[in-house]
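Below is one structure; the comments refer to it alone.
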Amino acid sequence: MTMSQSILETFPNPAPHRNYVIHHSTPEFTSVCPITGMPDFATIELEYIPDEKCIELKSLKFYYHSFRNEGIFYEAVTNRLLDELSGVCNPRWMQVTGRFAVRGGIGSVITVETGSKPE
Amino acid sequence: MTMSQSILETFPNPAPHRNYVIHHSTPEFTSVCPITGMPDFATIELEYIPDEKCIELKSLKFYYHSFRNEGIFYEAVTNRLLDELSGVCNPRWMQVTGRFAVRGGIGSVITVETGSKPE
Amino acid sequence: MTMSQSILETFPNPAPHRNYVIHHSTPEFTSVCPITGMPDFATIELEYIPDEKCIELKSLKFYYHSFRNEGIFYEAVTNRLLDELSGVCNPRWMQVTGRFAVRGGIGSVITVETGSKPE
Amino acid sequence: MTMSQSILETFPNPAPHRNYVIHHSTPEFTSVCPITGMPDFATIELEYIPDEKCIELKSLKFYYHSFRNEGIFYEAVTNRLLDELSGVCNPRWMQVTGRFAVRGGIGSVITVETGSKPE
Amino acid sequence: MTMSQSILETFPNPAPHRNYVIHHSTPEFTSVCPITGMPDFATIELEYIPDEKCIELKSLKFYYHSFRNEGIFYEAVTNRLLDELSGVCNPRWMQVTGRFAVRGGIGSVITVETGSKPE
Amino acid sequence: MTMSQSILETFPNPAPHRNYVIHHSTPEFTSVCPITGMPDFATIELEYIPDEKCIELKSLKFYYHSFRNEGIFYEAVTNRLLDELSGVCNPRWMQVTGRFAVRGGIGSVITVETGSKPE
Amino acid sequence: MTMSQSILETFPNPAPHRNYVIHHSTPEFTSVCPITGMPDFATIELEYIPDEKCIELKSLKFYYHSFRNEGIFYEAVTNRLLDELSGVCNPRWMQVTGRFAVRGGIGSVITVETGSKPE
Amino acid sequence: MTMSQSILETFPNPAPHRNYVIHHSTPEFTSVCPITGMPDFATIELEYIPDEKCIELKSLKFYYHSFRNEGIFYEAVTNRLLDELSGVCNPRWMQVTGRFAVRGGIGSVITVETGSKPE
Amino acid sequence: MTMSQSILETFPNPAPHRNYVIHHSTPEFTSVCPITGMPDFATIELEYIPDEKCIELKSLKFYYHSFRNEGIFYEAVTNRLLDELSGVCNPRWMQVTGRFAVRGGIGSVITVETGSKPE
Amino acid sequence: MTMSQSILETFPNPAPHRNYVIHHSTPEFTSVCPITGMPDFATIELEYIPDEKCIELKSLKFYYHSFRNEGIFYEAVTNRLLDELSGVCNPRWMQVTGRFAVRGGIGSVITVETGSKPE
């Protein structure tokens, strides 16, 4: 378990007998470009179908804030969010979308998923 | 039958020979956080394909209002709405979506369904 | 043929050799609640793939207006619109959507179809 | 000082030498209709030019929540919000706007102000 | 007092010591064209600064519905709404705006006011 | 009186004792570029305060259509609309706005008025 | 080849080895109602997968303008556009959508396609 | 007269007896940053009240294109546009607004005017 | 001069003979709540009429970023931005607007200005 | 490798073990019409599933700028962008969408893809 993962808390899924989707969205994510040291800003969308555990909302907020001074690229941070978030709750399916603010006239969206979403 | 379920009334489906979708949406749902005691606010979308019974609209309003002082988590309340609403009308398919107001910079949407939607 | 159906006129489909979609949408539909006698308001979307006949637009307007003083529930009126409209033109596929104005803080959408839409 | 007013806290205006506008907006206000006992929902916009005191944000949230089970009309509650909020901070100018959810097909907005806004 | 005016009820202004604006808006107004007999549809915005009396919301709904089978032109109905509504509550200022649905490719808005709005 | 003006009809203002605004808006105006012969398209907004006469809506539609094959520049046509429309009804104030579709990457709006609008 | 078809020009598809979609959209289409002689207005969306030929953009503009004084119904004109446009370029797939302006309170959309769109 | 000004053409104002506003807007303006050599992009809004001359639309397009390889700062280019455009037509009033695309997370709008706008 | 002010650079106003408005807007501002230590997020709008100096855009970006780890309240930070930004360029007029993200269901906007804006 | 391709740089995919989507969008693309010499403007959307290499964002910006003085048609440039961008990074799937500004009243969108997108 990574240090940032240890911030995350879970609680038992109240309805493990069915597949259902939990979607948490925040426009308040910021990290740092590892080359220029300048801040990056993103909206992060987290969607998952829980198995036995759900992610506790307040700990999710603290987890996101732990990236505030982290130097990391768009593609790497979105994949790491997926790895760490799915690592603590073992969901049936999870998708993370990072919508990064415009740099050099170009806006970027990275979409990563694990598991397969039941129809 | 739970106490809040007893508020709900039904009437006979006027077209049981076909599959069709009824969608009721309200931005006026509020319950209470069981930990902090602070109010939560949500828009609730109810969609279903009726079998023999339809849910009466006025009783649905009273049913939603019965959660006003209930202490209950997002995931739990959305699953309970589905269980109780499907319990009184036995639909061919039903989906409940709870869009919860921003807390800690994070907005949450929980989507729960039962039965399978005919194409 | 019902009395309101007799208002509807049709004309020969100018392209019966192909499947294509005709969509008529009006925000100007009003009927009356059979219990309270208060007016209901809806936007009606009519979509269909014609077979041999198309519905004439002006007669469709008069047909909708014939519901102005009719006392009828949401689910019933949307199914009746489908039955009567498909009854006069025998389409390959037809769908009627009624988007009803907010009552008691709840907005309602009823979606009814007949036949199966070719892909 | 009323009981609900006693919930409100203030802090010293950090820039009393200039006129500037503070605007707090919440879609999470609910009270009760004194006749029907049914809940009302509103978005409340509070705008003011502080004199010596500013209203503390967290106490404002608790103050709004204190109306949750209060039976009070639209016009009365908007005027009372203005009286109580201006009463605790004596602003140079204050305006309260209540945007109430649709009832009987009619949406209502009440706008109340005290003092005159410097140009 | 006209017959439709007799539908309207008032209640005492809870804050007659100050000028403040009450705004009621409804998309559910319909009357009839006196020439063609075809229905007209409008959104009606009523804004006023009350003096001693406020207009009761439920009676306002019934008052609007009384125009359902009335044959009357856009300009005439908007002026009549102003005359009758101001007649029952003697406001310090009142404005009525009728936003009429498109006819012949042309949408129309009629804006009528009485008294002068204090700055 | 010009030939196109002779299409316009008026009716007596039902409320000449007060100043009020009539606004007719159509996205269905088309004329022809006098140089290239290519069609131009515009949304025309007509706003006026009537004196003794109002412009009849159906005749206004026919009047706009009379420009369909007219070769005329943006600035000229907007001024001519104002001259002809104000010429037939002698309003207390009138404004015509022409919002012309993009040509060469540039969209154009011409706004012309006559008389002065009472506050 | 029809007279209006003869206006259309084509150029060789620069990438015939792959399936790709070309979409041209114009809000500047107008024809005439064959019964009333009144103008109709539409937005036309043309989408196709070219085979050996692409439609030249300037000639497409002239082709659309050739309908300006044509008397033709919605369903007929949309089918004719598809027949003529596909006739000159023999696409692998083509779809024409006509979004016609509101008449009698009803807006209409006709969607016609030929060939089958590769996934 | 500058070289770029010589691109601009004018025609006589068809209605010099009245004050009216001409507004041309283009999202297709691009110049070059004089320090980095990287392209800048802007939407340019030109509004003016003509006196004796109006700016011809096609020449305006060519004039804007003449900045394509010009190295010039936001504040300087917006002022130069105003100087050159007003220089060729001597308007009663003119305003130029440059809305520049985001650089470094910051969007910029420069608004420059000459003369005073008649009320 | 404060330490953060020393980050800001200026350049000579290219058009000091006229009053014109420069508007820089960024959604990428973040500071820290001095009580909870949790991050705050805001959109900052800076508008000013320059006198002799303009603020250089890249240095403005660095200046904003210098607040990233600063613990400061909404009202205080908005006033400080105005003091420091106006302090380095002595504008004829300046306004700073801070639009802060929702906390406790309440969104906040602080608007501060110095000098008086010429009409 | 073409000259413009040589501008593009890549970096190793940080998560080659999974399929995920990278989407870069820019409204700042401009080239030149090969017939008229007039500038064209487009928004370019690039979406791909990387295999071993990702496209470096800053080099992508320079690559797009290299088309600034290139004379090339819509269909050709969109296909060339796909060929060159996929050529340097060999993605599992790639799609390029060019949304070109209105010319002659017609807006155009070209959508080109290579490989097949995993579900």
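Note that the chains are named A, B, C, D, E, F, G, H, I and J in the order they appear, and that numbering of residues resets to 1 at the start of each chain.
By our rule, a contact is a pair of C-beta atoms (placed from the backbone, for glycine too) under 8 Å apart; a residue touches a chain by one contact, two chains touch by 3 or more.
Computed from a predicted structure; not experimentally measured.
Give the chains in contact with both chain A and chain J, ordered by label.
H
Compute the centre of every chain as the mean of its C-alpha atoms, then state which one is farthest from the centre of chain E.
Greatest centre separation from chain E goes to chain J.
Given the two chain pairs C-D and B-D, which is bridged by the higher number of C-beta pairs in contact?
More C-beta contacts join the chains of B-D.
What whole-number Å value describes the gap between the mean CA coordinates of chain F and chain G?
Using C-alpha averages as centres, the distance is 31 Å.
Just how far, in Å, is the C-alpha centre of chain F from the one of chain E?
That gives a centre separation of 28 Å.
What is the distance, in whole Å, between the centres of chain A and chain C, each centre taken as the mean of its C-alpha atoms?
Spacing between the chain centres: roughly 45 Å.
So the centre of each chain is just the mean of its C-alpha atoms; given that, what is the distance between chain D and chain G in Å?
56
Where in chain H do residues touch at least two different other chains?
27-28, 41, 101, 105
Any two chains that touch count here, so list every such pair.
Every pair of chains in contact is listed here: A-B, A-H, A-I, A-J, B-C, B-D, B-I, C-D, C-E, C-G, D-E, D-I, E-F, E-G, F-G, F-H, F-J, G-J, H-I, H-J.
Using the touch definition up top, name the residues of chain H that touch chain I in the complex.
It is residues 73-76, 78-79, 103-114 of chain H that touch chain I.
Touching chain I in the complex: which residues of chain B?
Those in contact with chain I are residues 41, 101-102, 105.
Mind pulling up the chain A residues that touch chain I in the complex?
These residues of chain A touch chain I: 27-28, 30, 38-39, 41, 65, 68, 101.
Can you name the residues of chain G that touch chain J in the complex?
13-15, 18, 20-28, 50, 54, 57-58, 60-61
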